[in-house]
Structure formats: C-alpha cells, structure tokens
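Note that the chains take the letters A, B, C and D in the order they are written out, and that residue 1 is the start of every chain.
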Amino acid sequence: ACGSSGEEGSEGNAGDDSSGSDTNKEDSGEAADSDFSAAMVTDIGGVDDKSFNQSAWEGLQAFGEENGLAQGEGIDYAQSENDADYMPNLNRLVREDYNLIFGIGFKLTESLNTVAEQNPETDFALVDAVAEAENIANITFKEHQGSFLVGVAAAMKTESNKVGFVGGENSELIKKFESGFRAGVASVNPDIEVNVQYAESFGAADKGKVIASNMYSGGVDVIYHASGATGNGVFAQAKDIKKNDPSSNVWVIGVDRDQHEEGAIGDNNVTLTSMVKRVDIAVQEVAALSQSGEFPGGEVLEFGLEDDGVSVAKTNEDAMTDDIVKEVENWKQKIIDGEVEVPSTEDELDEYLNTL
Amino acid sequence: MGILDIIQSIIPTALFFSAPLIFTALGGVFSERSGVVNIGLEGLMVMGAFVGIVFNLTFADVFGAATPWLSILAAMVVSSIFSIIHAVASVSFRADQVVSGVAINFLALGLGVFLTKQWYGKGQTDMVSQPFYSLDIPFLSDVPILGPLFFQDMYMTSYLAIFIAFIAWFILYKTPFGLRLRSVGEHPMAADTNGINVYAMRYIAVMISGAMGGIGGSVFALTIAMNFSQSTIVGQGFMSLAAVIFGKWHPLGAMGAALFFGFAQSLSVISAGIPLLEDIPQIYLLIAPYVLTILALAGFIGRAEAPKANGEPYIKGSR
Amino acid sequence: MENYVVEMLNIRKEFPGIVANDNITLQVKQGEIHALLGENGAGKSTLMNVLFGLYQPENGEIKVKGEKVNITDPNIANRLGIGMVHQHFMLVDTFTVTQNIILGSEPKKGGTIDIKTAEKEVAALSDRYGLKVDPSAKIQDISVGMQQRVEILKTLYRGADVLILDEPTAVLTPQEIKELIDIMNSLIKEGKSIILITHKLKEIMEVCDRCTVVRKGQGIGTVTVKDSSPDELASLMVGREISFKTEKTAANPKESILSIKGLRAKDSRKVEMVKGLDLEVRAGEIVGLAGVDGNGQSELIEAITGLRKTEAGTITLNGKDITNLPPRKVTESGVAHIPQDRHKFGLVLDFPVGENMVLQTYHKAPFAKKSMLSYKNIYEHAKRLIKEYDVRTPSAFTKARALSGGNQQKAIIGREVDRSPDLLIAAQPTRGLDVGAIEFIHKKLIEERDKGRAVLLLSFELDEVLNVSDRIAVMFDGKIVANVTPEETNEQELGLLMAGSKLEKEGGR
Amino acid sequence: MFSNRLFNILIPVISVVLGLLAGAVIMISFGYNPVAGYQALWNGSFGDTYFFGETIRQVTPYIFTGLAVAFAFRSGLFNIGAEGQVIVGWLASVWVGASFDGPMIIHLPLALIAAALAGALWGFLPGLLKAKLGVHEVIITIMMNYIALHVSNTLIRTVLSENKDTSDKITDSASLASSWLMEWTSYSRLHYGILVALFAAVVMWFLLEKTTAGFELRSVGFNKHASEYAGMNVGKNIILAMVISGAFAGLGGAMEGLGTFGYMPTHSAFTNLGFDGIAVALLGGNHALGVVLSAILFGTLKIGALNMPTEADVPSELVEIVIALIIFFVASSYIIRWALLRLKKEGK
C-alpha cells in the first residue's frame, strides 16, 4: 500500500516555482498560532526512500489533506544528506514557525534533543528512538512484534528448516528485528536453524547479494532482511534463483513497507511477506494530537500490533497460504492479549528461548 | 561444510562480485596507460548504473529479454560520451587530472540523482524487470568438480568481463593501436615525433574508460542493485582504481586484482558460516578483505611503476 | 643554381619573451654532412624542430628538393624524407628496440603487429648501415650508444633521406663516436644528407663538409669546413677568441685524501660492477677516471657518495672510514659531487635556483637557525654564487627548470665547489655544454686543485681527461687497470687501455 | 598587464562565476528560477547569524581535510585516506573526551592530541609501506578507509557505549562548543574548532615554507632522487608527510567529535569529509590559504544547498552539479588563462 503512493508523494517536489515559504521566513517574528503547521526532517535516506522517511511524509500529507494544508503551506519537509545536516534542518523549520516538527530516524535523537531544549515553545516528535526533552513525543514501534510474526511465517514456510536474517547494522534497533524474528521462528519450531549475518551497511547491495547467495546455497530458503538498500541484493539473488528454477523454494521477507513489488519475477513473486511499519499512521496520529492541544510531550508512544503500527503484509496470497495466515493471526492475538511477551534484545531472547 | 563446498560457494559469488570491478578497472587501465589518471571511475560507474537502469525501465517492454544487453550498451555509449568531459579537461585544457576526475565524480552523482528525481519524481527508481540472470552452461556445468565451480549459476557478464580482460590485453600488447596508446602514456613526445596524435590517443583512451566504466556500473546495477539511487554505487569505482594499481596497470593484473577483491569479500561472508571460524568476532571478518589486500601488496606484490607520463598533460613543444 | 635537398630561408621563431630564431638561413646540399654550430641556447634545436614540424615558424620558408613545403607536423616531415634524432632521446624505455623503431608505422598481419617481420626488417636495416642493435632488447637495458643507433634506425626505417642529428656525440664514448662517424659516412655513401649539431669542433673538422653558425638566434653564415679552422669556427660562434688547451701549472700533490681499497659493489640488478677496486686521490691533484661507459664508474661514484651500499672493501676520506655512511654523512665529511644526470640528481627543477643552491646545507647555519629557514641568508648566498659562477638566470627566484642546461650545470658547480670540499667528484661536468661553458668549468676545476683539494673527474671524453687531469686512472671491468700521466700517454694508448689491453711499460707510479 | 598574482586570484573567481552561471543555465532549462535558487543558497548559508554559524561550522572540518590532502600532495603523495583518518580521529577524540572529566586545559588538548595521533597512525601505515616497499599509497589508503569505518563502528558499539549506535557524550571539559558563540549565532553549533582549523592552516604554511623539515618535504615531493642525493632521508620524509597529513585529517574528525556533535554515531557509509577534502585541497591549489578559501566555498555551498528545496523548490542535487562545474573550471584554469590573455591582446 505504501509503495504505490510513491508517485503522489513526488508531485509536491516537482518544479513549483512559487515559493510560499520565502515570505514565511521573512516574517518569522510573528506568531502563527492561528493555523497549525507541521514539518519533518528526514534522515539520510530522503523523503522518497521507499522506506520510513517516505512513509512519514505520506502520513504528514494525509494529515495535510484532512486539514487543507499543502507542501509549503502548513506542511513541509527538509532532507538531510549528512549526519551534520540534521541541526540546520531542524532549526530552519523552527525558524519558519512550525508548531510541530518531526525528526525521522534514531540518528536524529541527539540533534532533536538539543533543538527541543533551545525551543521549548515548539512541539517535536522523534521517530524510532526515545529522547529526553519534555517537548518531544517519542514514537517507537514494536518491530520485534512484527518481526516475530514474520518469523512465524518463515518457520511455516521453510522446508529445509533453515532460515536467514540479514541485518543492516548490528545496532540496538536492528537487534529488535532479529530478536523478534528468532523468537517467532523458534516458537513454531525450535529446531529451525536461524542464520544471522550483518552487512554493516544499509547501502551495500553487493554484499547483500553475496550474503544471500551464501545463505541460499547453504540451504536457507527464507531470508528476512532488515537492511535497507542492502536488501536489494537479497531480492536480486532470490529472484535469480527463482528465475532459473521457478519451482525452487526461495523467499525473502521485506521490511518497513510492503516489498511485494521488489519480489516480482515474471508470474512469480519471491516476497513471502513484509514486516510493515506504519510510520504514516503514527505521524498522522501525533500531528492530530498536537493540533488538538493534547501533545504527548515527554511520552513514549509505542505503536505495535494492537494499533496497526506494525503489521504483516499478506499481498502474496499464493505464498501466504491460509495455514500460515491462520498461524500468524493466532500468534498475533496471543501477543495482543499479552499471552506472549516478544523479546526485543539478545538477553530477552535467550530468556524467551529457555521458556520454550 | 567441506572444503569443496566452501570453494564452491566462494567462486561463483566472487565472480559476480568482481565482474563490475573488472570492467571498470580495465577502463582505468586504458586511461592510465595513455597517461590520463582517472579517479573519475566512480563517477563513470554511477553514470553507467543510471543509464543502464533508466534504459532498462524504459524499454523493457520493447526489447524483452534482450533489454539487459541493450541497457549495458546504452550505458557504455552514454558514459563514454560523458567521459569526454574528463578528456577535454585533462587533455585539451591541461587540467590537473585528479581534479578533473573529482569533478566527474561529483557531476555524475549530481546528474544521476537530479535526473532521477526529474523523471521519476523520487530519489530512487523502481526495480528493473529485465535484469541479468545467472545460468548454467550446458554440458560444462555437468563436469564434476569444475562444473559447479565455474559453470553453474554463472552470469554471462562475469564471463564477458574475463573475456574482455583478455581482449584488452590483446589490444594493448598485440596491436598497433595498443603499442601507440602505451607509448603515449610512457613518452608522449616520442610518440608525437613518430607521428602519433597524442591528443587523439588520449581522448580515445579516456572514452574507452568511460565505456568500460559504463558497462561496469550498469552490470552492477543489473545484476546486483536492480535500481538506481544515490547509494547504488558507493566506492566500487575506488575499488576499481585500486585494482588498476594493484594489477600494475596490466589488464590481466587488474582482472586478477578485481577477482581477488571478490574472492576476499566472498571469503569474509562465508567464513561467518564455517564452524571453525564462527566464533571469530565479526569485525575481523568485516575488515578481512581490506587487510588481505594490504598484506598481499606488502607481502608479494610490492612496488609498481605507473606509466611514466601518467598524470602529466602533454604540451606540444615543451621539454 | 645549387642542388639543395633542404633550404630553410629567413626562419624566425619566437617563444614568449624570446626570439629563438631570428632570420636564420640554412641550405643543405644533397650528399653532404652539414654542421650547425652555436652556443648553448643559440637556437639550433629550435631551428631543427621547425624543420621537423614540431614548431611552426613565425616567418620564413622551407624548401625540400626545391619545392616550397609547409611542415606542420612530424608526419609531414617523415613523408618528405626528413628524420630527426633528438638531443634528448625520443625512446620509450619499456619498449623493445623493434617496438620503438616501428612505432607509428607498424607492419601488420591481420590487425596485429607483425613483430617477426618487423624484427627481420630491423635486423636487415641495421646490417645494411652497420648499426649494431639487438632488435628484441628493451631500451632501458641497452647502452646509450645503442639507443642512439636505435634513433638513427628509426629515421632510416621511415625512409629518411635527410637526417638531423642533434648533439649525437654529447652522450657517447670515444669508441661510440668513432662508430657513429663510420655510420654517418656509410649513410652519405647511400645518398643521404646529414645535418649535424655538435659543440665539438674537432668532429666538425673531421666529418663535415660545410658549417652554418648561429649566435643568439641570428644566422652568422655558412663556411666550407676545409677552408676553415677550429679557431675561426669558435670565434664565429662566440664572437671572441677561445683557447682550447686548458692553461694549468704542474700539480703539486700532497697528502692522500681519498683512499679506496678492495671495493666491491653491485648495480641495481645485483650484478657485480665494481670488482675489488683500489684508488687513491691526493690533495692538490686532479685524477681523471677514464673508461668506457658501463665499466662500473657510476657504481663506484655512488658507492663513494653513499648512494649505494658496498659489498666489500673500504673507502677512507682523510683517514676516516666513510664506507657505507649515508649520503649526508659523506657530504659532511667533505665530499662534493657534481652528478652525471643533472636533472635527475642534481637539481629540484621546481625549486627556485636559490633553494637549489642550499640543497645539502639548508639545515645548517646560516641558512637555518633552530630548524627555521632564513630565506634572507639563502638568497644572499645564492646571489653571490650566481655572480661568482656566472649563472645566467633572470633572478635567484627563478625556477631551475627555466635555466638552460649550461646554466643549470654552472649552478650545481657553484653549489658544490663553494662548500670547499676536501674531495670534489665531477662526473661528466661538461656534457652537452658549449666551448665557452666548458672552458669556464675546466678553469674552476683547476682552481680547486690549486687550492689544495682532491678532484676526481669522470669523463668519457678523452680530450677532457687528457687536458685537465694530472693523473689518469683507467677503469675497465670494475677495476683500475692502469695509472698513467697525460704527458706519457696519448688518445690511442688510452683507448686501448680502456678496451682492456694491458699496459706494457708499467707507467704511472 | 595582468600580473601572475592577479591571475592566481582571478582564475578561481572566474571559475566560481562560470560554475554558478552553468548551474543557472541548468536550472532554467529544467524550469527553475535561478535567481530564487541562488538567493535561497545565499540565505541558507549567510542569510542570518544562525546559518552563518552553521556554515562556518561546516567549513571547519573541510579546512582540516583539505589541509591533509594538500599537505600530502605537496610532499608528492596522494592521500585518498583522509576519510578513514577523519573517522579514527573522531573516534579517538570522543573516546578521550568521554572517558573522564578533568580540567579543560588538560582534557581538551588531550582529546585533540588523541585525534591527531589516531589520524597520524592511519597515515603512518600507508607511509611506511610506501617508503619501505614502494607500495602505492592510493590503494592502501583506500583499504584503510574501509578498515577505519568498520573498526570504529564496532568500537562504538562495544567499547564506547553499551551496544548503542552512538558513543557516550563527551564531558564539557573536552568540548569545543562555546555557549558564547552559540548564543551569538542564534544557537548554531559554531564552535571554537574554527580557530583550531585556522591555526592549523598557519601551521601547515609555516611548516612547509619556513622550516627545514618543510624544505625537505617539498624537495622530496618534487624530486626524490635529487633529495636522496642531497642527503635527505626520502623514506623518513614520506612517512612523515603521511603522518602529518593523517594528523590533520584526524583533527578534522575531532572537530566533529568535540565540536559539532559531542559524540560519535556509527556510520553506515563514509562521512565524505575526507573525499570532499580532495576537492577542497585541489581547488585551493594545495596551499594553506587556498585551502581555507576553498573550504569556505565548499561549506557555503553545502549548507546553503539545504535551503534550496525549502525556499526555492530547487533540488539540492543541483548544488552538487554546480560544485562539480566549479571544480571543472578551476581545473581547466589553463584555458581561462588563455582566454584572458587573448582578451588582453585584443584589448590592446
């Protein structure tokens, strides 16, 4: 769903010369409380990264649509090319008197903290991490929950009893994905071997492909990747195998948004499912809260299965058989009901596995 | 995993990993052999990847299965034309060749991403529907041991890369053109007094490097990345440059060096799954390819002499 | 009307800020050897480069076999039958002899170079003119003399009828010069014409038919050689009288300065080149080191100066062992060295002349104090040397690259001599220089001797060795095979000694 | 008559103007308004004190990486490894900066020295291999970049934090940040590093032009053979050049660690500070003052570019293209010089 709306998102940034924000800047001294406005700063990915930056912008646009706001008039974004760009971007938006400013991605934590402290009048929101300042709303996702469910799907799908996980960076965040995934796999069948490898880059498709090639040839038949563009290499390898042998059992599980499109190969599709992270929903919700004066500053909003903050894509109906879907739904319910506590770190995972 | 299994999983991956580097490095060999330093290889690959993907996306319906081949052809042509900028600067305008190469790198990335946004309205293209696929070579793939090593699940582009390396060697060392090109890089004035047009040779050599860089970039895009974005080509051009020097400015040497990189990278990934090596902290495996390269250079490759006139603009009539 | 193969009429060629050729006329007859004579920087090479199509003249016309031509690049010159052997060789070091010769007009077989045919052609050509070369050897592995023959073969391969030889003998040993003269004669017999540039009047007298003289870019005129004399040629060229026999008093050798015993050294390819050599140089004498190039002279000098590790033996300076000391220690022990290759070893061409003048002493007072350079002192020093040694340069701040070869050499000599070394090693100090400059340098060497310094002079020119030295050590196959004095020997005998034949009367000391 | 000095000033200026003009042509041909675009660029870099502060902040590490590359170039070496040296310098500065608290007069210099040493170490190895074995420094420095990236990421996660993606924050006593500068520039991250950077430029100039060590380095850079003949230790100078170059780049990293950020995040890709340093150095003619000026140009364009999409709807990639064109024109200064001479002749 998220992928298809890429075209719309772009319309805004194609050549529109009437720069309304120019004037905005000139009279930055004035108070602009009458109209609510919100903007966001992307991390290095950029607003059209087919991932959570894009998703966040879609959320903001949806919010704008509801409230009659358009890019440059009420909503806007600033793109970062570099870690050092977060601060000037955030400050620029502060100076343009936006009421609410989102920082998309954990990399913005420190910058957002600083800016928030310097501008106590402005509302801020941080996606994917937790900051300290009172005027920051922290939006996090229970990626481990979604990962758990795709782990269940992977465990159901594997024939070799070997599945793989490709991580972008061996970081706290990606560990959440790994832990949830491994827990999910083990919950279905503890004997399934999970092959874990980190590419140490979100942009190394070549390495992704080498890893995938190695995993698949070692008998792994389902790979869950949480590695951004590195995952392109994983898809490339899976599709290549599928092309040569359409009957082969190779699958990729996508991340962040429904990567169904990436898996298409002729009439087949190697994307088993994707762990979808609905940043758009979260952004829209926080914007609405802020507008209505109920800004959850200093709070941590965790979006999980229960509020569709994370979900499992079922686009590939051929692959996601009823059995699998049923099993996934089954576990989803258990998680929502609190029957299952999904681990989000290595230690919690060990604990969890011991209970099985 | 047995040793054979390990080798069996290393070699094919090493080959597809290396192919783009081989193409690009061969281009670098031509350029530098003619006396034009080319650190713009990265940019030429970016251009190649961009054109390859755009062509593929645009014409997949028209050309069907031939699309990837036509895509690299288009990438080759466009990158070659693009590289004329480097030639004009460093040959005709007597620019510092390193500076001009840096400009190429900036320009290619800027143009590629800018045009992607203009044409596709987003920072990255969709995935191509007609990439290269690997295949088994009939009969040969059934040969025991060698078959799985060298003829199963192979990309034609990998063979092409190796084949072209030999062609490049043949051209540089067996043909009048090659002799003239090398003479221009060693002693342009001698070449000039022998009636060879130094400028023309250098233009041609730079354009060959553009063409090969274009192929390298597009092969990378069409076998590995599948789309184009800011981060499609990140450092492969510099690795190719390293391969040129590692290979002592010799086409087969450059190929060997590129294969070495592929081999080392593949080895480092595969080691993570080998029981004996599993417990090695990941960092050692991550840096292994680069450490291996340094060790190889320090240990037994050693000193390499660049073409004598490499990097020096030729000014007619000066001494 | 005379039968001229080449006529250059009223040629004018300017470079930014200088007129290199100002109205020069040169007419070469069919079948003659025509000398072109002039001081360093007089414009000889420039004129020839114009004829060869490397430069375009601002004025004047060129006729080949009576027809007016427009030579815009070397290809056209080749087509017109003009070939040139450049002052600085135009050879690709890493290529073979054959590859260098055929470069640009390669015989082909199915798109590839037909190297077999090419090698045969080269061999045939070299047989025909008596130019011995090894067609498959790499240029970097062959002697300078053979490289020169390769250059000549290059022109012949392209069917040249008129050969321009720009200072071909400057880099050759006496034997090689003799061979070259034979070659020139055989070329003339085959109907070729030759333009020969040389600073050696003796050679002109020996082989040339006519001689055109240029001075500071101006054509002075053409004389028939057999009606002229070296003195006349020299004064035409310089505009004043020149003395050839170097004036000097008898030497008065004192204590031993340099003493070498049983020295062994290898070259960079690990071949032993110095094979147990003994040599002594005393204060107040000039020892000429005679020998054919490649008999270990370079390695010997590198070993003394610390640039090359020795395998065995000792080198003592003033009684102090300096074997295998690093170059700086050797220098500071009192050795100065005028290197053979001034561009590679003598100068940092991109440094100003002034900074080149302190290349070894920049770190010492008064040029530096506490690791800080004193440019004031450096340039004062440079200005003094420039004046004392008559270095013609626009200023001390001019880059060394912009100086002519002769002036670069004077700058090096000034620098080395001024350090008042106990031992001065001069390797081919006058190579490629005009008679005026040579005279100056010889005078300086003798002055140093008279101040009580030891001078070791390496030269391939027997003239120079015989004229300047007080004692001659002949080097052959890595050893000193004879010690003679100039008075008791002559060119013939020296030549034989250098070729390895034994001395019958035990001369010297 | 144009003097040489005037030429040397005129040519970069003309190159910049030509680059901007060419960028304008591209903007027009894609339907953007170049006046608005460049105005946004200007506003985004010097429009008010905040952006001025940010621009100077960005200029600071560029000066260092530019000096690093330039210094090596002057000594005849091509240091593509400034990138890796920045990373290890950053890491070392943060490591020292975060691991204890103490009087600033000791702590801050110590952190800076650590960064310089780390960068120097990263330059030492390529220098050593070049000097002793003749291995080409370009390959080794490229490899060292990757090693730096991976090693520093791992160390951040394992040693400098407890499995986090950023190191711990440095203590105030090691910080280059200044509340005074921040207040003055409306809370930009301008820090005292710029003074360190300018001082470093002076050091480079002084070292190369005024000291005997610089004389040797330049001499070796121009002609190894003559330098060896003149008694200089060529190998020692190669190593020294790489070590000093690396130290400059390492300090560039410290600017990020102790100034801009106050911590070090893991990097999934290169910072590009080192790679851009190549362009900065060459644009600046490999001279200290030139490097400072070209770093200012670079920083201005980079920071100003961020404002172009917001204020004028011009994609920031265009700035990348403009930068490329400026570099291209500077590189081709010969042709500009030629054209100027022609103009002068015709004017007569």
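A few comments on the model shown:
Assume contacts are C-beta pairs under 8 Å (C-beta built on N, C-alpha and C of every residue); 3 or more make two chains touch, one makes a residue touch a chain.
Given the structure is predicted, the values throughout are model-derived calculations rather than measurements.
Looking at C-D and B-D, the interface holding more C-beta pairs in contact is that of B-D.
Chain C and chain D have Cα centroids separated by 47 Å. Centre to centre, using the average C-alpha position, chain B and chain D are separated by 28 Å. For the pair chain B and chain C, the distance between C-alpha centroids works out to 46 Å.
Here the spacing of chain A and chain C, counted between their Cα centres, is 75 Å.
Residue positions 30, 150, 269, 315 of chain D each touch two or more of the other chains. The residues of chain B that reach two or more other chains are 117-118, 231, 234, 282, 286, listed in rising order. Interfaces, counted as pairs of touching chains, are A-B, A-D, B-C, B-D, C-D. Residues of chain A touching chain D in their complex: 13, 15-17, 19, 21-22, 25, 44, 72, 76, 78-85, 87-89, 91-92, 95-96, 106-107, 109-110, 118, 168-173, 175, 200-203.
Taken together, the chain B residues at the contact with chain D in this complex read 39, 85, 88-90, 92-96, 98-100, 102-107, 109-111, 113-114, 117-118, 231, 234-235, 238-239, 241-242, 245-246, 281-283, 286-287, 289-291, 293-294, 297-298, 301-304, 306. Within the complex formed with chain B, the chain D residues making contact are 30, 78, 80, 125, 129, 133-136, 138-140, 142-144, 146-147, 150-151, 154, 269-270, 278-279, 282-283, 315, 317-321, 323-325, 327-328, 330-335. Across the complex, chain D meets chain A through its residues 30-33, 36, 40, 43-44, 50-51, 54, 57-58, 150, 153, 157, 163-166, 169, 187-189, 256, 260-263, 265-269, 271-272, 302-303, 306-307, 309-313, 315-316. By the touch criterion given at the top, residues 209-216, 218-219, 222-223, 225-233 of chain D touch chain C in their complex.
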